[in-house]
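Structure provided below as structure tokens; questions to follow.
Naming follows writing order (A, B and C), and every chain is counted from residue 1.
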Amino acid sequence: MKLNKKDLLGIKDISVEEINFILETADSFLEISTREIKKVPTLRGKTIINLFYEASTRTRTSFEIAAKRLSADTINISASTSSVAKGETLIDTARNLEAMNPDIIVIRHSAAGAPHLLASQVKQSIINAGDGAHEHPTQALLDMMTIKEKKGKINGLKIAIIGDIAHSRVARSNIYGLTKMGAQITVAGPATMLPRDIEQMGIKVYDKMQEAITGADVIMMLRIQLEREKQNIFPSLREYSQRFCLNRGNIALAKKDVIVMHPGPINRGVEISPDIADDLTQSVILDQVNKGVAVRMALLFLLAGGHE
Amino acid sequence: MKLNKKDLLGIKDISVEEINFILETADSFLEISTREIKKVPTLRGKTIINLFYEASTRTRTSFEIAAKRLSADTINISASTSSVAKGETLIDTARNLEAMNPDIIVIRHSAAGAPHLLASQVKQSIINAGDGAHEHPTQALLDMMTIKEKKGKINGLKIAIIGDIAHSRVARSNIYGLTKMGAQITVAGPATMLPRDIEQMGIKVYDKMQEAITGADVIMMLRIQLEREKQNIFPSLREYSQRFCLNRGNIALAKKDVIVMHPGPINRGVEISPDIADDLTQSVILDQVNKGVAVRMALLFLLAGGHE
Amino acid sequence: MKLNKKDLLGIKDISVEEINFILETADSFLEISTREIKKVPTLRGKTIINLFYEASTRTRTSFEIAAKRLSADTINISASTSSVAKGETLIDTARNLEAMNPDIIVIRHSAAGAPHLLASQVKQSIINAGDGAHEHPTQALLDMMTIKEKKGKINGLKIAIIGDIAHSRVARSNIYGLTKMGAQITVAGPATMLPRDIEQMGIKVYDKMQEAITGADVIMMLRIQLEREKQNIFPSLREYSQRFCLNRGNIALAKKDVIVMHPGPINRGVEISPDIADDLTQSVILDQVNKGVAVRMALLFLLAGGHE
């Protein structure tokens, strides 16, 4: 089988078969990162550019490690030290990079749709590493991989997503993906953080976190953007955490074997209590990070033309 | 043949034979970037340091890709994250790097002459990646390579350079190089942006862009530094673009088969109209970027001791 | 023999035998950096993360070059472009990195004890690349390596350390190391820059630099942090340099064959006069930098499980 796509732009546009194929490929790469010599020559002589217009540790590092473990050459470009500052348009930057013959451009950008624009303009493969409040497809893939590993399946699971749904690219990509895979999704968050059209997507929306997580197999907590407090999107961090922080009390409403997810970086005591975050019988937050490298290895491999 | 030079500091100091030799070597490297596996082991075990005191996307990325395709190890140092901030002198920084046994130091610096100072102080090869308003020799080499490919020769061509000649290291290096190679150069720009002594270099200077580009085989547009507007070096961007923007109207004065060049990043609608920049029957702006990787591969190879 | 340690956190906690073993291993790596092909496959497939919360040129570059000459993959994370800015705790950052299966994390942090905290929390090897005013063990190791090479031994030497002893991690690590190795240490500096408990460590403390360096085999000048002037820790740079600048006059008090050391970056004319810094019959400042790469190669090798 082969991934018949030039780009990975979002979860909305890929099929269940493609998701499963990516996750199976990722599974087969998982073991490489545990070897004594964590490197295979698969992408030797390929050039991967990480073009990050927003600060990032984990996503950029994860892509860079994934590329290096496949023996690709990696080039990091961050907006702050680049001629982006000189006012060049995104498309001109991309066309210039294209002229240097990279194989894949990984882009993170604050504007929704930026990766799609690039993909339509350059012949290289584009991977969306997060675009505004739109999509973060590799995060959703690593989340699905983690759920499949822990629960054996996604179909039929009850999955609660809690927090700032409206502004979260992680939530959006996961809602597309998990719905396709047959999960039943509930969400909860402050009214100002819930998208209006979300019930049309087959999602159950609750005011109270407690209702959303009752009986859940999976609870996915979202990071609250601390800077939103100043924008008056929610009253105060204190009130937010009283209503939407996952803790020992409310987690008891979920299934006994519930798993707790978070895309990181976590705000301890705001959206998740430290004891929940650190309880490795329930928290799979670090498993998510671990799967992230394998998912990115799989995508780099598949988009660079690899197939089994 | 061999390049009998320790450093590449400027085009002023190299001969026509050396330019031709570098361009021929670059030609032979061009094909590597189009291979399935874009990498040769030529510089394995060599250390290339990119020491950038000014922000840059394309030049730094181009050098880094060039080095990696030759299997060299690359180290990026940018002023903002380095101990440069601690007030160390340039020479002390360079001597410290020298003590770590790199093979080549690529330097960009806002001070004219900085690479020459380094070259006199350290035993490693220095490549000037742009020094103040002085020289940008790799840009001129990739420009000459592009012209030779598109026109078959440089000798006898009429080449117009338009814009801020006085403050442009790209213009200066190209004037040295193209003159040596036998081209006839005309320039135009605002009076405050024309160096006084330029006619002594055998260059024809015009007030009006139209006069400079009439009958031209090549038009090289320079980037206007937007920050110069505040320095009152020219009246306004609007006036500048009315007088010096290359567009469908004035380009008709050039030869039918004129090619349009620009070192990038371009200011669309300021020094070049978008339709001209994007018309690939005339614009060779992305060819220039593409040749840049090959020229830098050639220089890294030749200065690191390679010969055919 | 083998280094039976997971981490290198400080010189305080390692034995004379361990120091000697690291220095001997470093000696054996010194030659690699002088080869035509400066690279050995020893750490192929290992991942080294440089996690720098403070700006650095020489230390980060030295670790990166060391790793690359051993064929390890290197990932640079600097606080300014990372999600550190998003308020994640140090431990959460480290655990996230841990989940990506690196082999060694090299950390520089402004907080004393940060590397120790990491070492207790993650399974990977941690190397302290400088923590606050606490320790900078790789600097002390390269200093000891330089002294051994130049003097043939450390035991019995008289070594003067001059400057801001209290706030210097370089001084602290060297005092631990050189004392263990049998040197007799004298220090001098402004009263506000001398730690109170230092005489209990067997160190002779002098007000006057002249007394401390009289008869010295080695003079180690410390960098004065220029920002301390504003904190009123010393009266003025001018007065500091009148009292504590090493120059042609006062160096005559030391042994004839004294060597002069400095961890860099140097403040010319403040703590060291330019003619002393540049006199290669006495100054070994650049030898220190050169040894730094070998010491770091040795540590990466030994902590990644290598043994002879």
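By our rule, a residue touches a chain if its C-beta (ideal position, glycine included) is under 8 Å from a C-beta of that chain, and two chains touch if they have at least 3 such contacts.
No experiment lies behind these values; they were computed from the predicted model shown.
Taking CA atoms, the transformation carrying chain A onto chain C includes a rotation by 120°, reported to the nearest 5.
Although chain B and chain C carry the same sequence, what matters here is overlap: shared residue numbers make up under half of all numbers found at their interface. Here the spacing of chain B and chain C, counted between their Cα centres, is 40 Å. Counting partner chains per residue, chain B has residues 80 touching two or more of them. If you check the complex, the residues on chain A that touch chain C are 33-39, 55-58, 61-62, 64-65, 68-69, 78, 80, 226, 264-268, 286-287, 289-290, 292-293.
Against chain C, the residues of chain B that register as touching in their complex are 44-47, 49, 73, 75, 77, 80-89, 92-93, 95-102.
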